[in-house]
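What follows is a set of structures for review.
One chain, subunit A, links the two complexes that follow: it is found with subunit B in the first and with subunit C in the second.
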Partner chain A sequence: MLELIGPFFRDLNDRTGWNFNVFYDPYEYGRFLAGAATTLQLIGWSLALSLVIGVLGAWAQSARSRALRWGVDAYIQAFRNTPPMIQLLFFYFGLGAFTPAVDMGGYSQPVISSFAWAVIALGIFGGAFNVEIFRAGIEAVPDATLEAAESLCFSRLQTYLYVTLPLAFRISLPALTNNLVSLAKTTSLAYIITVPEMTYVLNQVWSDNLNVPEMMLVLFGFYITVVTLLAAGLHAVERRLVLPGYGR
Partner chain B sequence: MRQPAFQLGMARLRDGGVLRGLRAWHVAVVLLALAVSLAAAATRLGTLGSPSSALAALIDYAPFILRGFALNLAMSVLAMAIATVLGIGLGLMQISEAPLIRLPARFVTHLLRNSPWLVILFLVMYLLPIEIRLPGGGRIPLPDWVKATLAFALPVMGNISEILRGAVRLIPTGQWESAEGLAFTRGQTLRYIILPQCIRRGIPPWMNWYALLTLSTPMASIFSVHEAVSNAQASMEAAGARPELLLPFYLFLLCLFFVYIYPIAVWTRLLERRYAVR
Partner chain C sequence: MLFADPIAAGPAAIPQDRRALVSLRDVRKSYGAFEVLKGISLDVGKGEVACIIGPSGSGKSTLIRCINGLSPIQDGSITVDGQEVNDPKLDKLSLRRKVGIVFQQYNLFPHKTVLENVMLAPLKVLREPRAQVEERALSLIAKVRLTGKERAYPGELSGGQQQRVAIARSLAMRPEVMLFDEVTAALDPETVKEVLATIRELAAEGMTCILVTHEMGFAREVAHHVYFTDGGVIVEDGPPDRIFREAQDPRTRQFLSQVL
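Right after this comes the complex of A and B.
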């Protein structure tokens, strides 16, 4: 890849002074790839965690236990109405101060890395929105469908697993798409707890090479591409899974 | 169809809307109590290491942090005002009939909506000059907090533009046609018929974006704008940079934002429900 695009960008730098060194310098190119990989992993893991939390939370909200419902309600309100950036700082610095560190032979390393804290914090933040989205989906499943399942001798759990969840998932998919895309954008915040993702890496590159406008353009282009692709993928899923008989 | 306020109130009482709101308030109280107790617990930890406790430090520095929070609020209000004006302009361009106006507006909206706030913040902070030189020799200084405010306004502007486009699209075609039948021009139709209806529909999402905007203002601390988070970090530094300070200080910041944003969120939900009545 570098052999293919390298000469063009080197030439561009020589002729115009536009220094896109992440596309011709092998060292900076390696940094760029590592940052891209970290960002994609961060997006993948936090979206996955937020989905798991969303499903579990929505299930807990329909539970009979009052305390459980209150707990989930408090969780949603607490995380929806506070800044995600301070949540990250709180998790990484506040709670991170209490997690033990392991001796790695000469230096000690905390058990939970900054990457893991970012996944946890972002997953919990996005999960708070997903719970409400899934809850709305579950409430939208028609009663007649559930009664039909009951008359077919489905147990409560079976009804939930085979009837409610698949339908609720499909009903809530449009809102879910929006939230997942916005969560993917929020992952750039992991920059502040020094996770070496794209924003952080390109910051280092432009501090080393003083090519701020060019790297800014790369950063902007990278996120626009990732977010557009993610949105397109989720919209494709949405179209495939669209419920017949709803909407247009 | 609109219903009298009294009937609406009764309906909400029946379906538990008001009660749900009350319960949510209880949650806020519980959270605050939790925060205070956690801070107290952290204080106890702190007393082991040093004579002055973490809670005492927090109380000492609270006015300083609150002064920073005032800047957060000022930035959010200012950014929202800018975003509203520019966003409505961009939205009107998006629904224009001339492709030469519509397509660029749509592209800009897409860019603004799909890039992370942090990336836009970096872009504006690094690429805007420190001051603007006027042709007459005058100079307008652009302090960091003003640049940050502009940066926060941009993504919200894109979303307000999209809210406007969506709201206009939801107006039945019959209204456009009957306005045309009454010899209204396009501008008159928009001004007197379409846009007034969009305001009602647009207010809940607009408030939602205000809340999101306010929740994003702490990002300005990356560029050492003296708002709540960087003031809190400076306070922790000044109080001896002890690790037991971290938990209560960040918890205090979270509570600060919660106390401001939560009522707005509840109010937004109430308006949403009221306007959803057909």
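Right after this comes the complex of A and C.
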């Protein structure tokens, strides 16, 4: 890849002074790739965690236990109504202070890395919205359909798994797509707790090389590409799950 | 009437063994302070077809829902095959397996194909082997005349077709009694015939049926026994010929004069 684009960007730098060194300097290119990989992993894990939390939270909200329902409501209020950046700081510096560290031979390393804290914080942040989104979807599943399942002897859990969830998921998908795309963008905030994702890495690059405008463009381009692909993927899922003739 | 079918030759003979399969005694049911069923008693024998007719709001749907335990009752008793429906110790599964129910609005699973709709409960609830379930499902789909539609989704079918899938889905659990709640009320006249033909066949095969219907011609043709309900009580009941020709109660006569 670098052999392919390197000469062009080196030439561009020589002739115009536009220094996209992450695309020709092997060391900076390595940093760029590492940042991209970290961002993609961060997005993947945060989105996955937020979905798991969304499903479990929506299930808990329909639970018989009042304490559980109250707990889920409190969680949603707390995490929807505070800035995600504060949440990241809270988890990393607040809770991180109480987690044990292991001796790595000379230096000590916390058992929960900054990356793991970012996944936890972002998953919980996005999950708070997903619970609400899934809840709305679950409520939109007609009672009559559930009653049909009940009369066919499905247990509560079976009805939830085979009827409620698949239908609620389809109903929720447009809102879910919005929230997941928004969460993917929010992962760039992990930069403030030193997760070496794309924003953090490019910040280092421009500090070292003083090519701020160029790296800003790269950052923009990177997120546009990633978010466009993610949205396209989610829309493809939406199209695949569309039910022929449903909702006519 | 919609129902002038020359081949239909009245209800099938009821088998000699007439032990009551479904039995209601003084059933009372209220929603809050509002009493919907005010002491209903009836017996439906094995292989019998019972029709419930009556004005809107008289509690017909409520009665049907109580029989398979979808709504609890406040007083009286309902037994199905000797099992008390409202016994808290009763295993709901063993009851519901015996009772199939088909609703006015079909209520199919919209995200499952016709075949999947029919197969889902036997696979997941009865945990029967897939090959066996599929074979039975295909034959039920053929029975309701929907062969070729196995892979269609409910949204791609007409109301009448969906209703026949709902019947096949219920039959796949091999119930001993089928409850039909105004299953043709949402259909247009042409498709009503298809659905009634399916029910007629079932009845002729000896399936015990309790059906709420506004199709008086059909009730007259397939029923062994007709119950007229009004205001939460059974006002009058008897063989269809008697109810439809020489009803005694003025409320029955008034209702029949409006719908016939």
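As a working rule, the second predicted complex is superposed on the first by the 242 of 248 C-alpha atoms of A that agree within 3 Å, B and C clash if a C-alpha of one lies under 4 Å from a C-alpha of the other, contacts with A are read in each partner's own complex, and residues count from 1 in each chain.
By our rule, a residue touches a chain if its C-beta (ideal position, glycine included) is under 8 Å from a C-beta of that chain, and two chains touch if they have at least 3 such contacts.
Quantities reported herein were computed from a predicted structural model and do not represent experimental measurements.
Contacts of A:185 after superposition: subunit B is touched, whereas subunit C is not reached. When the two complexes are overlaid on their common chain A, residue A:74 makes contact with subunit B while staying clear of subunit C. In the superposition on chain A, A:144 makes contact with subunit C only, while subunit B stays out of contact range. In the superposition on chain A, A:170 makes contact with subunit C only, not with subunit B.
By the touch criterion defined above, A:227 lies against subunit B but remains apart from subunit C after alignment on the C-alpha atoms of chain A.
Contacts of A:238 after superposition: neither subunit B nor subunit C is touched. Of the two partner chains, subunit C is the only one that A:162 touches; subunit B does not reach it.
By the touch criterion stated above, A:152 is placed in contact with subunit C alone, subunit B being left untouched. In the superposition on chain A, the chain among subunit B and subunit C reaching more residues of subunit A is B. No residue of subunit A touches both subunit B in one complex and subunit C in the other. Those residues of subunit B that touch subunit A in the complex are listed here as 23-24, 27-28, 30-31, 111, 114-119, 122-123, 126-127, 211, 215-219, 222, 229, 243-244, 246-247, 250-251, 253-254, 257-258, 261-262, 265. Those residues of subunit A lying in contact with subunit C across their complex are 142, 144-145, 147-154, 158, 162-163, 166-167, 170, 243-248. Every residue of subunit A that touches subunit B in the complex is listed here, in rising order: 70, 73-74, 77-78, 80-87, 89-90, 93-95, 97-98, 181, 185-189, 191-192, 199, 203, 212-213, 216, 219-220, 223-224, 227-228, 231. Of all residues in subunit C, those touching subunit A in their complex are 68, 70, 92-93, 96-97, 99-101, 103, 105, 107-111, 120-121, 124-125, 152-157, 166, 169-170, 173.
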